[in-house]
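Beneath this line is the structure, given in structure tokens, with notes to follow.
Order of writing sets the labels: A, B and C. Residues in every chain begin at 1.
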Amino acid sequence: SVIDAQFSGNGDNLKHVTEELVPPPMLPKFEQVDKDGPKVIDVTLTAEEKKIEVAPGDSAWVFTFNGTVPAPIIVAHQDDFIDLTLKNPATNTQQHNIDFHAATGAMGGGDLTLVNPGQEAKFRFRCTRPGVFVYHCAPGGTMVPIHVTAGMNGVIMVLPRDGLKDENGNAVTFDRAYYIVEQDFYLPKDKDGKIINIATPQQAVQAAGESIKTLMPTNIVFNGHEGALLGKNALTANVGEKVLFITSQANRDTRFHLIGGHADLYWPGGKFNNRPYTDFETWAVPGGSAAAALYKFREPGTYVFLNHNLIEAFDYGAIAQIKVAGQWDSSYMKQIEKPSPIK
Amino acid sequence: SVIDAQFSGNGDNLKHVTEELVPPPMLPKFEQVDKDGPKVIDVTLTAEEKKIEVAPGDSAWVFTFNGTVPAPIIVAHQDDFIDLTLKNPATNTQQHNIDFHAATGAMGGGDLTLVNPGQEAKFRFRCTRPGVFVYHCAPGGTMVPIHVTAGMNGVIMVLPRDGLKDENGNAVTFDRAYYIVEQDFYLPKDKDGKIINIATPQQAVQAAGESIKTLMPTNIVFNGHEGALLGKNALTANVGEKVLFITSQANRDTRFHLIGGHADLYWPGGKFNNRPYTDFETWAVPGGSAAAALYKFREPGTYVFLNHNLIEAFDYGAIAQIKVAGQWDSSYMKQIEKPSPIK
Amino acid sequence: SVIDAQFSGNGDNLKHVTEELVPPPMLPKFEQVDKDGPKVIDVTLTAEEKKIEVAPGDSAWVFTFNGTVPAPIIVAHQDDFIDLTLKNPATNTQQHNIDFHAATGAMGGGDLTLVNPGQEAKFRFRCTRPGVFVYHCAPGGTMVPIHVTAGMNGVIMVLPRDGLKDENGNAVTFDRAYYIVEQDFYLPKDKDGKIINIATPQQAVQAAGESIKTLMPTNIVFNGHEGALLGKNALTANVGEKVLFITSQANRDTRFHLIGGHADLYWPGGKFNNRPYTDFETWAVPGGSAAAALYKFREPGTYVFLNHNLIEAFDYGAIAQIKVAGQWDSSYMKQIEKPSPIK
């Protein structure tokens, strides 16, 4: 059982590699099946407080790791160590830290990494469990929900050393992976219900202390802002490709759905040691967790990927597109009669 | 793996049968185990915009397929094709279409079926995956949540050709099936909080554009209106019968519970290729999905079936009854002391 | 299949034992593996209506079984019978009863136990299914959500006679168990948003009839009041111990998370006949159900256990602590660089 797993060594004798993080929805370079054995992966995250528009006219102070909402995804294999350096530039105004749901002990690293502006800290943790896991800032008390709902969260994917397995226990690989994170924002509004344009991060934090208590988001978006994955920013794929969707929500329950597609494989709780389910139409993600689903595209077209609370998708922003190229296969679907006058 | 499933043929050479749909909570005629091989099932749905009372005094414009909320359930077997004709009578005011979560490609059929009043369209899709799946109108943009929360959603059940299997992989049949769908309505209210009686569907759509943004339903009901499955409308069963409960919620998370009973079998995600769980007290249904649970009634009596957010059940309307006939079995429960003065 | 389970006898010829209930988060005395065969367990619950502070300054009338929110946990083994006596002292003002999700028939016992102040009632039910299950008061109509959200709910744990099994089907035992229940309170507020101090339980019921309809809790707490499991009330454990977390929410969806830890084992739906999942970061509990997760602590320190809607944890009260003693194990995590000036 996982309960009995024994570990030795603290990683000091392993070789190091530096992982170059990239902005979402992309993933850094990695192998699906590892050939080299456990290693130490050096990762640096830098806290950045910045002002963006999360929807047209909706200005927000976001707190980020490396400047993006969500923070970049980290990829490792089971039994690798992560050497995580967190930098909090002197230009920031807030204490930040980092809590990895994939880590064991010390508040997931939060206890070791609370840094003031101008400071950095570094710790190491072993990736003992394969799966996708949330990480986020958790600077203490009511600052925790304020920083997380300001965008300061991301995902680490810990792959089994020998890669993923399908519902029958056979190896399965993917051709692409996309990283899509839903963010709930609780932006302060004025008396007329208009989002307030706030001057400083300190004022934003102050206001958020009240606005989050509504439990009623003003914006629910994928990858940081409305339209981040729509139109010219749409994801792409080809018919016949297996795409791994890595999804998460760090705070609030959601439910992901691919219109016209399915989850061929969906791992319960986002954890790869559990046999994946097949055929899900929609997969729920409880707040504070990540999920992974694999789909092989069978038909070309523009797909919509959304939070299937359709109000949250179409009125709050939790919606993306995937443009899939290839030949139509009429063994799945075909048009028989175009829209035309009732006979 | 399901990923590797290969399909050939577009159904053109298969025999056709017409499925006569019936109003919920009933199901059309079907065999649990198929003996005849794949076929094409002809199904016709007609959009109907109508005004009903969803609770005493709470008037609503509902958008329906075939006049009921939810739309009728369709039953097929894996590898059958559905030939779906959607009619939008000239008496309607809205564009409608249909998106099947069971289908593959073209927005689940939504791209092929957008019909103006006075039009019809027809397409075919293969039922490649066994399970219960939502279907709904999705006419584009903010009209999507408006039409879905106006009642325009239903379920298709795709049975494995050889029927259902229990938690040990053995065949299991059911004696009855009921189809229960929760609907969240967001009816516009006046300044005093009273539901507004709206004259036209166009005005209802206009008002819903604002009211749905609250994410706060005014009514949460089973099968279209408060009391649809209570009292003289209660479901019925007999002790010893295995009843399949087909449940869904097209938009908002819910949780189903049978008071005094259980799910003997509950299929994860509502998809029959996954081994069913046993013994669940309550099963969650994320918005935009369907679920199936099988229970053998052991005791007679009037059961209550509800959304176990008890406020949503008792104050918003998400509650049904099942009247079960038979002999009491004291091996499960017995009264020892009737309510009487404390000793 | 569980569907085919046959039971005989109504328990009349079995020996009786009395279970002495204890306040949460503790469990009564019990064996994990039973050696003696099925028995009848005598349990007495007494309804108590009382006024408490659920948060500093937030006064509430709570309705309880045995004086605590949640009600005490009951522990049994599969095939045991529970002889449940419910007493409603004449000093109370309300009708109460009890509905066990673990029971079969008669509204889980609710139909047999509706007692006026001054009355008692007694019934017997067989524990046919292993798992953790909610029980609660359900006195009828809108009183159901009012009593449940006033705190009148608890859990029964029905263990398999031969104990728990891990993800491989091997026996697994736990060294400690804790019982943590989230309660959503909907306390009436005055015009300024301040919780009203209400004089009588009758007035509290009257006001709750309106306040619950908001579906917006004023307080979301673990074990009855803010801080019930914090600081000097924190739970305790030792490195190397396997701790069973028995969690529930009787009304509203939640999601439990152990910061810096995981669920080594988590039973789907809280039902022990289902193979447990491993490695979950967060486990969702739909309203009206219970869940069990087992974790072996690997590192010492003060852990936080919370509802991972972080707003609900830090602003509403759904948060606990666990103080774990032992030696730090650097094979899981180690500090490399303390917070210090950026280099």
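The criterion applied here is as follows: a contact is a pair of C-beta atoms (placed from the backbone, for glycine too) under 8 Å apart; a residue touches a chain by one contact, two chains touch by 3 or more.
It should be emphasised that the depicted structure is a prediction, and the values quoted were computed from it without experimental measurement.
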item	value
Equivalent-chain rotation between subunit C and subunit A, CA atoms, steps of 5 degrees	120
Chain copies touching (subunit B, subunit C) - same or different residues, decided at half shared	different
Whole-Å separation of chain centres (CA-atom averages), subunit B against subunit C	31
Set of subunit A residues in contact with two or more other chains	253, 268, 284
Interfacial residue positions of subunit B with respect to subunit C in the complex	166-168, 170, 172, 216, 242, 253, 255, 257, 259-262, 264-266, 268, 277-284, 294, 296, 298-301, 303-304, 308-315, 328-343
Footprint of subunit B on subunit C - complex, ascending	1-3, 7-10, 83, 85, 87-90, 99, 101-116, 118-126, 128-131, 133-134, 138, 141-142, 144-145, 148-149, 212-213, 215, 250-253, 268-271, 273-274, 284, 286-290
